[in-house]
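Quick one: this structure, given as structure tokens, is what I'll be asking you about.
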């Protein structure tokens, strides 16, 4: 079992996958770009640390190209990886200058680090295989089907995990929240009828352009409608009065203050109670 | 897997495994059904019976069915250590969780979060297990005792200190809090909690609750 | 009841009976508590282990505790006892393996090994199944929570302890269990851009996960 974890991973046993066939990748089976890279790397049949990163980059770019051609929707991760690999490849191919940009890691090191990540992921995949190949409880091996009830066992361990503790806490806080649920005061609106009456009352005094906020009644009590409701209903009612020809409304630009003003004296509306 | 006809020893092994894993006693016929045709179940049972003769475990026949059971002369081992299993009840776990996050807190505060009154046994159990300790007294009418977690709590949950207690982020990560997090949901950080105005508890305090003395003595 | 000091054979019988009767694995300490002072539990366990070697039932060490279980090669017989296992997805298994081999490790580290962000249900499921537990917090900025395996993981896969994980020594020797990826190497990852609290681990950091040390320190 342990030889599955030779540091030098050997892929001679890997399937003979033609590079073209590698495109026929079932995306469902892959978790992300790194998994695809690993699958592609295996086709090179070399130690992952001696992998040709430029070739791998080409393979991956071809994979992404092919996937897009076939209209597979690729997650953003795949495309980010593609551009990063294209960049890495170009840096690997460029003749090495005396010194690159000081803060940048040499391309060879980046390539080695990528190879390391692939090797690590490969090791974890093998670990999954090795662990799941072990005899599993209640699948392969069985403990006593009918333990004797007289013995009350593992008494030196308390059966409670941090997860359970957290879960217990959250459940209760939620319950508490529900118990104390307070829908708040009933939102009362300033009725349109009332707004119209109000406007009619003050209309005679609106001889100058007056901002809407000053026209609307002021909120007095703490219960009752909110100031926003007073303003909104006053606006609605005033638009009706505009339509009826009793008032004018103006606004300089979008979101600017609204101004209201009565029309000339003797408008018929004033006669209406 | 063995493909060729199993020999006596192999049949005996299989019968042994079947009897061991079965949820109840098995008849010879039931065993035979799970073995290759013609397997000598009777012979295997006799061999097993002999093998286990005088051991800590014996093969016993009840109503024509077979089962393993521990040797009758060792029954004292089985009953002697009849301890209550240390599985925390739901109430205990919930109480512990509230104390952990809201410490120092009084009994009334615990009850207010839980919405039910706390049975006496619950706090006693947590105190007795060493998960919870008395921390002090609140300077409010009645001078209620405040509770906090004790060292064994940290040990048991593998926390190096209270600061390590998982917070909102971890609750989210563990899938315990979803998008419908109640507005203003906060988890107190018990490592920052101070005893505030609470008075320290005096050992042997006269009017301490009955369990206080035990606890103090134990510490 | 036996009054005189029991001999080796008698101790072995008692250990055998206790292990057979138990509903879960027992530690040597738990067994010792039920035996006369000074009883050689270790010797009895070794003797039993040898006695049951190759039988239909064997003595096995899981999570540093002992239990009898049926021989793995007889699994084909156990159709009636078999429980339909909860199938873990490939992602969940990989996550479990990463946690097992790198513990304690943070969510960000798991994601960095797999190169994808962890889907929501994965850790929850592992936590809920009792395979994984929260271990503590990393002493790095953001103090991310670290995860490790729980005893149930070892019990389920029949591992006596974390050193028993397949290939762990080889991987460690090959440097594959090192979580610190060379400085500056960071494949841009849009899925993690928002996770402000996931601090990449700096190499040479004080408590970079050191497999052996953490494991030992825990017990």
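By letter and in written order, the chains are A, B and C; residue numbering begins at 1 in each of them.
The definition used in the following text is that a contact is a pair of C-beta atoms (placed from the backbone, for glycine too) under 8 Å apart; a residue touches a chain by one contact, two chains touch by 3 or more.
Not measured: the values here are computed from a predicted model.
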### Task
Check A-C against A-B and say which one is joined by more contacting C-beta pairs.
A-C
### Summary
Taking mean C-alpha coords per chain and comparing to the overall C-alpha mean, nearest is chain C
### Task
Could you tell me which chain lies farthest from chain C when each chain's centre is the average position of its Cα atoms?
A
### Intercentroid distance (Cα basis), chain C paired with chain B, Å
19
## Note on the structure
dist(centroid_CA(chain A), centroid_CA(chain C)) in Å evaluates to 33
### Task
Compute the distance, rounded to whole Å, between the mean C-alpha positions of chain A and chain B.
38
### Task
Spell out, as numbers or ranges, the residues of chain B touching 2 or more other chains.
17, 20-23, 68, 70, 77-78, 81, 158-159, 166, 170, 174
### Task
Mark out which residues of chain A touch at least two other chains, giving numbers and ranges.
142-145, 148, 150-151, 153, 155-156, 161-163, 166
#### Entry: Interfacial residue positions of chain B with respect to chain A in the complex
17, 20-24, 67-70, 75, 77-79, 81-88, 90, 93-94, 96-98, 100-101, 112-115, 129, 156-159, 166, 170-171, 174, 176-177, 182, 185, 187
### Message
Taking the touch rule as given, give the residues of chain B at its contact with chain C in the complex, in rising order.
### Response
1-2, 12-18, 20-23, 34, 54-57, 68, 70-71, 74, 76-78, 80-81, 158-160, 163-164, 166, 169-170, 173-175
### Task
In the complex, go through chain A and note every residue touching chain C.
1-2, 4-7, 29, 31-35, 76-77, 80-81, 84, 104-105, 109-110, 112-114, 116-117, 119-121, 123-128, 130-132, 134-145, 147-148, 150-151, 153-156, 161-163, 166
### Task
In the complex, go through chain A and note every residue touching chain B.
142-146, 148, 150-153, 155-177, 179
